[in-house]
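Okay, here's the structure, questions in a sec.
When the chains are written out, they are named A, B and C in that same order, and each has its own residue count from 1.
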Amino acid sequence: MTPRLQVRGLSKNFGGLQVSSDIDMDLLPGDRCALIGPNGAGKTTFVNLVTGVIPPTAGTIRLDGEDITGLSAQARVRRGLIRSFQVARLFRAMTVREHLELAVLEREGRTFRLFASVRRVPGLEEEVASVLDIMGLEAVAGTRVGALAYGQQRLLEIALALAMKPKVLILDEPAAGVPHSESQRILDAVDRLPADLAVLMIEHDMDLVFRFAKKIVVLAQGRLLCSGTAREITADPRVREVYLGSRANAHRPS
Amino acid sequence: METVFGIAVDGVAYGMILFIISVGLSVTLGLMRVVNLAHGAFAMVGGYIASSVMQGAGLPYELALVAAVLLTVLLALPLERLLYRRIYGSANELAQVLLTIGLCFVIVAGMNYLFGPTLKRIPLPDYLSGVVMLGPKAISAHRIFVIGAGLTALVGLWWLLERTDFGIRLRAAVDNPGMAAALGIRTERLYAATFALGTGLAAFGGVLGSELLPLEPYYALRYIVLFLAVVAVGGAGSIFGSAAAAVALGVIDTAGKYLIPNFGEFFFYTALILILFRWPHGFFKRGTA
Amino acid sequence: MTAVATNKDTGKPAGKGAPGRLGRAVRDHAGVPVMAALGLLGFWLFPEDLGLMTRILATALYVLSLDLVLGYCGIATLGQAAMFGTGAYAAGIAAVHLVSDPLVLLAVGGVAGGLIALVTGALILHAHGLTLLMLTIAVVQIVQEVANKARDWTGGSDGLSGIDPSPVLGLFRFDLYGRTSYLFALAVLLVMFLVARRIVRSPFGLACRGVKEDPLRVQALGGSPRRYLVGMYAIAGVFAGVAGALTAVSTGIVGLDSVSFTWSAEALVMLVLGGTGRLYGAVIGTVAFMAIHHILAASDPFHWMLFIGLFLMGVVLFLPGGIASLGERLSGLLSRSPSRTAEGDRP
């Protein structure tokens, strides 16, 4: 099976500082993978490299077999490599429905239609309704995002990603800032994502990681430390070592 | 050769006036994140005060200068307290633009109500109205005085920022307002002091530059574009940037007026566009005061 | 008028506090007929002031164009008069040398305004904040200088005169009392208003609103914010150009002040007075501003400045949504629904 996302030898130097070195990663269709690591392990850099926010010093990134290393961030988005943001980045004055409409229209390249009413774009309403339904957001469809509870904003982040029909979805701390008691709702939403989608979750909260991921990748000091199932990871002495050293701030965002 | 020399002297003197007036605008934008379109009005107030105390109360030029600066600051501080403090750091640039342009209108109307709509003169004392021989060249004493004042202001501000406690706090607040507040720096007083300094300098520049920027009823509106251009080119919050930008724009404007008088404006704004293309964030980026 | 002028232009109900479907439908469809009715009422009530009222209508269209840029894209500009003036001069020059059909002249103005907006927008819209503001000012100053120097075409500081349009549609002659001018301007404004509303409710309008809020997020959705900005800037240029042409056709002259920094700034003031991001706000603001200006400036320009200055400060401090938000606020108070989040988010 062709990996959805294939990363080979990905490296990044800032000046003389090596922030990512020689990272390999494969995500297959249906993968539910978590990327963890202590503060400063290079998780954010890795996400930025993969999504094309910053160019790598070396290495290749392939999406469904196609080399996307040289493509811009937007071109990657259009090919189905989608990320959600750690801090909800939403349009505060727009409603939930409008967010999803915009995401679908962008995906279909229909945003330069000047004189068509948004409400009359064929298929749009149905698709938005189905995403609202999957994410359990119908009740707030007409609410401006500024008035939404934070947990619902996080759900909308995931809904937006879903509306973009991703092949690979990178969730950057999807439950950051959500009370622990509510993070289950986020996970439920993640569970309802299409089965053939490859999901990579960056997360600090180990509870969440263990509930979500079938595979866990550990990053430390810009390198791939190890990867495996939850059981394998917790048993690995190297993981204990990097985490015990920095446990005190393990749940601070990096 | 004569022309080049003339352009240089007049351009630099003009630039120094622009610097003295605009630097306060630059700092309020860099520090308090306020686009203060009423800034030019404070220069105008300074000029009007100086003119009226000289002609009404018969004060000498030097005292009129001091009075103008002090009275303008006294006038501006309550405004800072009542109006500006509400819009500091506000993400809503539009509200800032409207509030300050509204204030500008009110000040213009008020000045005209108090002092009438005629052009105001600030007669120079004898020692400034003559010329000074610099080798074979004759230079207007006023130009030399202006350039000297500009350089003094520049060095003074540099000293204030780099060598004093006030400066350290100010720079900290420019770089990272949240951190400065967390460190216990009383930003409110810092802002008020900075605002006072900026308006005082504007008033100073308004008096000093009345030969170059004549004091007329629409002064505050007419020249604000020029002051904003200095800030945009210099980079908000940068003192050396403001100085470099002011001198550059002063020389460009003067050169345009001397060399191609028919297309002066055209020349100036084309240069402005080119500069802003090359340095979209200004000569010196924000925060490197 | 304010009662129907709530934030319907955003196209969607604003959440729990929104009135029911019926109320929405009424607001949706009543607005333009009400505007038309008020326009005709003005025609009937103030036959002596048709000249002024025609100018108000054309200016409303100009302010509407600024709303497209500022209210729906978040581009703070002090150069909108560059587009207005270019449209006015293009129509004026065409009228003197080429054609006299008023509708063709409007089209000429629209094309000219759109082209200059497209070119300058593509050049300057990479900038933000103060730099962008300065660039827009520089553009308007340069266009004014060009108009000033191209005396042979524009009449320079004397202004361009001799614009003598033929009857509208070959039927309605422009009369001395300005009746045709007024009704023509009213019709143009209403049609352009409907077009603008269509645009802000289109997928393109939605994308522009996204850019206004957070360009980087739009990029993360796969869109290119700059293309939307330039696109909307050009569209607004067409609107401003038509407004300029309309002024040229109805007044018969074009002056240098139509392409000035002051005229740009006045548009901004009118728009904010009415409320940005609401198409009705542009119209209400223009009517309020020009009417008060007419009354106060007749006595002493400084009274006018004092008044408008205090008014602006008052709007910022006490009514951030502009006049058009009054209705919304009142209905919010009356129905005692929790405040609809709209106000806080709007400049």
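One rule holds in what follows: a residue touches a chain if its C-beta (ideal position, glycine included) is under 8 Å from a C-beta of that chain, and two chains touch if they have at least 3 such contacts.
What you see is a predicted model; the values in this text were computed from it and never measured.
*Asks:* Please state, in steps, how far subunit B lies from subunit A along the shortest route of touching chains.
*Replies:* Graph distance in the chain contact network comes out at 2.
*Asks:* Using C-alpha centres only, name the chain that sits farthest from subunit A.
*Replies:* Taking each chain's C-alpha mean as its centre, the farthest from subunit A is B.
*Asks:* Using Cα averages as centroids, what's the distance between subunit A and subunit B in whole Å?
*Replies:* The mean C-alpha positions of subunit A and subunit B differ by 49 Å.
*Asks:* Centroid from C-alpha atoms only, then distance subunit B to subunit C, rounded to Å. What do you get?
*Replies:* Spacing between the chain centres: roughly 33 Å.
*Asks:* Could you put a whole-Å number on the gap between the CA centroids of subunit A and subunit C?
*Replies:* That pair's centroid distance is 42 Å.
*Asks:* For subunit C, which residues are shared contacts with two or more other chains?
*Replies:* Expected reply: no residues.
*Asks:* By residue number and range, which residues of subunit A touch two or more other chains?
*Replies:* Residues of subunit A never touch two or more of the other chains.
*Asks:* If we count contacts the way the header does, which residues on subunit A are in touch with subunit C in the complex?
*Replies:* 73-74, 77-78, 83, 85, 89-95, 97-98, 101-103, 105-107, 110-119, 121, 142-144, 146-147, 160, 164
*Asks:* Residues of subunit C touching subunit A in their complex?
*Replies:* Those residues of subunit C that touch subunit A are 10-16, 18, 195, 198-199, 201-207, 209-210, 213-214, 216-224, 228, 231, 235, 340-342, 344-346.
*Asks:* Over in the complex, which subunit B residues touch subunit C? Could you list them?
*Replies:* It comes out as residues 29, 35, 83, 86-87, 92-95, 97-99, 101-110, 112-113, 117, 217, 221, 225, 228-229, 231-232, 236, 262-263, 265-266, 269-270, 272-273, 276, 280-282.
*Asks:* Note which residues of subunit C are touching subunit B in the complex, please.
*Replies:* 70, 76, 124, 126-127, 129-131, 133-135, 137-139, 141-142, 144-146, 149, 261-262, 265, 268-269, 272, 276, 302-303, 305-306, 308-313, 315-317, 320, 347
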